[in-house]
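Each in structure tokens, the structures are laid out below.
The same chain A turns up in both complexes below, where it pairs with chain B and then with chain C.
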Partner chain A sequence: MKAKTSLSGIGGNLIAWGYALIILGPMIWILSNSFKRQIDILMGTTIAPFTLVNYQLIINSRQSHFLWNLWNSAVVSVISTLVVLVIATLAAFTVARLEPPRWVTFILLGWALVFHMLPTLTFVGSWYVMFTQAGLHGTYTALILAQVVQGLPMALFLMIGFVMNIPRELVQAARLDGCTYAQVFRHLIFPLSLGGMAAAGALSFISAWSDFAIALNLSNKDTMTAPVAIATFAQEHQILYGQMAAASMLSMIPALAFIMFGQRFVVRGLLAGAVK
Partner chain B sequence: MAHLQLQKVGKSYGAVEVIPGIDFEINSGEFLVLVGPSGSGKSTLLKMIAGLEETTSGKILVDGEDITHLDPSARDLAMVFQSYALYPHMTVKDNMSFALRMRGEDPSEIDRRVKDAVVMLDLGGLENRKPGQLSGGQRQRVAMGRCVVRNPKLFLFDEPLSNLDAKLRAQTRIEIRRLHERLNATSIFVTHDQVEAMTMADRIALLKDGKLQQIGSPQDLYLRPKNTFVATFIGTPEMNLLPGQVEMIDGGLWLDGSNGLHLPLSPERQSKLANAMKPGVAVKVGIRPEHFEMVPAGTKGAMEVRVNVVEWLGHEIFIFGQASFGPIGVRVPEGMATAPAANDVLYIRPISDRWHVFDAASGDNLLVE
Partner chain C sequence: MAIRPIDAARIERANFWWRVGSLAPAIIVLALLSIWPVFNLGYLSLSDVKWVSGSAVVDFVGLRNFHELFTGEAVYWAGVRNTIVFAICAVTLQMIFGFTMALAVRRASKIGRSVLTAIFLLPIVIPPIVIGAMWRLLLGRDFGIVNALLSFLSLPEVDWLGDPRFALISVVIVDVWHWTPFVFLLTLAGLESLDQEVFEAAKLDVKNRWQELRYITIPLMMPTILITLAFRMILSFKVFDEVFLLTGGGPGTATEVINFSINRVFFAQDRVGMGSAMSLLTIFGVAVLIVLANTVVRRRRKQRETA
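Here is the complex of A and B:
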């Protein structure tokens, strides 16, 4: 029997497509701009001659360092994500299965919640002062440390949910099988929480990759990341719309790849423990 | 295979005392079943022996060595969990060899032991499956295999049959018992099911509220229960407890005077009872459903029972009815011409010496030390 198309079904579809349009519209606009000449963009021509000049300029031109900026983004995002995952998974195992004193858990999760709630810009000022005094301003170290602080809270909550889902008896069985807690982590918790790590890793990577506030304040010319570089296309006398659009498109690719790869893990991660 | 000794082993969470202090021993090669209602502390006690729960007082000795505060990984005990707790990301083979690999045993020796266990537990052909691809019974056997390959000092079982269906449970009961004999192991088995306890145990330890009520062979607990709790916990349908006072009238023993229930007894039992019981004390007379005989209507000293429900089980029939002492359950003796029906009235009398007298206040059996 064929399902009837009900009025509410049509309404639901309309809302979904409307929402998709709100997100996709600007993206399509940027995509089309990246293949137009500056003059066509300024004239507002919808159908304009196709050109790759914007991509050629940001990739090949002597003045552009965009590929280097992408590399910076990759270094900062990948390393900070790895650090976040290591800390979050170990901390989640400790909190969820080693039964530390209540106040330890309380302080850890309280700290995570506060950092997650406050906007990044609140901290950036003090980080700037701290890293400058420590002589670390403009280094990868500064950017990575700041990204770790930024990404850790969510990864921590996600990983605790995941590790809680690993039955207590498994840990007990491994203990009786002669494992120390370190071995339990290596042979049991680590392989069983890979899904959670993929979810937390994808989210952490995307947030670090697309970060603007931290990189704007803590990077210098050599360590400038892609989002900051894109902003520099808006110059004093002119805005290089075409190159800006092309750079945006290029910088979107890794994030998109991660979403495609991490999506099912993210959904599973967010639902961990929700249903039996 | 080892000898386990618990010396005043206790457990408290802060001010809350869960197990006040338990003493008992398990001999080498023995199969001990820890049984009790939920919340009796039996699983907690097992986990304390395993080292998964902290022991707050007393000592646990294995072969004379104090293991009370030893790390569980160093105790060399193996446990089958209620949920089986198989490692989901490992194959059957890897699950079984895990402990040996952690111990760094020789790979060819590991291989040999796993192969032996696979044959012993009839798991051939499943070695490379993961737990998710196995049935409940197979998972249960893998969990046992994981213990068997280690050749541990003690086997601990935490209600391992409760996730199996009734038929498989009866079968696995026998398999576990056979495995125990074959490995000459020392085992502790926790269950809330008194049938499992009765069928599997060399000795049963019955717990209630963290206190040991009685420890002994299944026959001991069934035939000589120390108190009303043991008497009613072991045996289904449970023992009838008839409250009142017993006294000697004209050389016979009566519950509730000469118009009450006559309790036939031997001279030995009579002298034993005379020593144990003060006259006029309130008691409960305990009689198992199978220890009644039918007598003709009007027999002096018989109990009149109006039948409410008849349970026909095939090999036996139970009736549940109402007597002047309260509700009562009776097994219909074999060879009765016509099975009783609801609303029938029957006359029954206890069989000679097959009844108990418990102190009404303390619940203690007056005829068992």
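Here is the complex of A and C:
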């Protein structure tokens, strides 16, 4: 029995590592292409002379300001994530522990769930009209507002889950000591849900950083985010494959940083958000 | 510490406002930016909108947009068909591959588990537009490495993205690559949280691995499987970014998806009224699916609890 288990264990490992290779293959290919000249890419040369020209072109040429695009992405993602965290954590404590009227919770969470699953693009047109009429089209404000509402439902669900895990007795004890809800929140809930906020924040940042549908239509030349810029490399009459690859590599950096330094938060957020 | 009555009243009042104030931001954001837009879409869908120097000129046209949407707009309906085919094929494959892998890995040793998790997280956390760019490089007709591999194996080369027969298949392949790791991580977590005692107890009754899988593992995993299946399928109606870079909806309408029609009509053709009608119809359709899925999942959960 023991031997059999270890044998199937090896098989399982082989399958998993095989799939890992299937994931890594395309990554390595795009990485290597980002260091090739356009002509080598189009000729399908596997081993080509190493060049940094793609990175130089996207960072420092007249057509492309990719560092600026990355900065725009960072501004929008960081601010919207912070706003989402504040709103979601405040609401989560109340929903999870302070028993608001049933119908309020039902409508709030019910609609948040439906809205979370609806295609983003069904709302972008309406946002576009609203923001244009308010004179906000193309501004950071418009992009951030759209990202906030987009990220809020998931953060709300995650934070409610995490606050639920804080023992009810702790809150009751603090209440008996004469604490107001505000004090309970500041001294108890906030410090205890920092781990949950890290998970919710990681997911919220990743989704804002990755967004394409919103930024494509709500940003302008000055506020264009990295994903939209990547798409423009493919839209010229001639597709700039090398630059597209280089820009893709740069825009993957936050995701790689999350995986290396915050893996458990990302995993926790993904799993908690999915099973709910 | 004793609380004086006057303090108690003050605390009570502060607490009331805290409850209102803590929920207000969430409610205001959702109301203004997600509920109001739906009403806005309803109003716009009954109108003909023209942009005159940055402000919208709106003419009421009744149900004309909807009439046109149901009688003309073949592209939108091609998109609906493609999106449904895409969702069913892609998610079914993801479930099969992801769950099978989770079953295989469950008994595997934990060596390299965190490295493996890191690799499996990659497709989930990188921007989807990058995935589009990546596969564009892999599937290109003349220079893509996939065709290079095919010709190395002396198989015929395929125009993955330009041939209407293969374009949608290519999009499905990319999506399977993208989301199978997610299903894997989810079902693996589900498998590992199952009660081991059940398996120990059943050891006498089941003859082999297959029976264990058929009569114990799968029934126990059914809730996770169902939820993942239903929600991944609905979420795949969001597909847009990868297709944008891979095929742009083409060739013809081979990979046209709902979001493409909405995006084109709204922004490239400036037909705000029709775009709103499409958005509204899509919201309605997907919302019905969400409510249905929720009801099924909930009912099954209740059945299990009473059974």
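Here, the second predicted complex is superposed on the first by the 252 of 276 C-alpha atoms of A that agree within 3 Å, B and C clash if a C-alpha of one lies under 4 Å from a C-alpha of the other, contacts with A are read in each partner's own complex, and residues count from 1 in each chain.
Quick note on the criterion: a contact is a pair of C-beta atoms (placed from the backbone, for glycine too) under 8 Å apart; a residue touches a chain by one contact, two chains touch by 3 or more.
Worth saying up front: this structure is predicted, and the values here are computed from it rather than measured.
J.: Going by the contact rule set out at the top, does A:Pro167 touch chain B (first), chain C (second), both, or neither?
T.: first
J.: Identify the partner contact of A:Trp29: answer first if only chain B is touched, second if only chain C is, both if each is, neither if none is.
T.: Second partner only.
J.: Looking at the overlay, does A:Gly178 come into contact with chain B only (first), chain C only (second), both, or neither?
T.: both
J.: Once the structures are superposed on A, label A:Leu188 by its partner contacts, choosing first (chain B), second (chain C), both or neither.
T.: first
J.: With both structures superposed, pick whichever of chain B and chain C touches the larger number of chain A residues.
T.: C
J.: A:Ala20 contacts which: chain B (first), chain C (second), both, neither?
T.: In the superposition, A:Ala20 touches chain C alone.
J.: Go through chain A and flag every residue that touches chain B in one model and chain C in the other.
T.: Residues 177-178, 180, which sit in both footprints.
J.: Tell me, which parts of chain A touch chain C in their complex?
T.: Spelled out, the residues of chain A in touch with chain C are 5-6, 8-13, 15-17, 19-20, 22-24, 26-27, 29-30, 33, 41-44, 46, 86-88, 90-91, 93-95, 98, 100, 104, 108, 111-115, 117-130, 132-133, 145-146, 148-149, 152, 156, 177-178, 180-182, 185, 206, 209-210, 212-213, 216-217, 226-227, 230-231, 234, 239, 241, 244-245, 248, 251-252, 255, 258-260, 263, 266-267, 270-271, 274-275.
J.: Please name which positions on chain A make contact with chain B in the complex.
T.: Residue list for chain A touching chain B: 167, 169-170, 172-180, 183, 187-188, 191-192.
J.: Over in the complex, which chain C residues touch chain A? Could you list them?
T.: Contacts found on chain C: 1, 3, 7, 11, 14-15, 18-19, 21-23, 25-27, 29-30, 33-38, 40-41, 44, 49, 54-56, 97, 101, 104-109, 111-112, 114, 116-130, 133-138, 142-145, 148, 177, 180-182, 184-186, 189-190, 224, 227-228, 231, 234-235, 237-238, 240-241, 244-245, 258-259, 262-263, 266-267, 272, 275-276, 279-280, 282-283, 286-287, 290-291, 294.
J.: Which part of chain B faces chain A closely enough to touch in the complex?
T.: Chain B residues touching chain A: 47, 50-52, 71-75, 77-79, 81-83, 85, 87-89, 98-99, 102-103, 146, 150.
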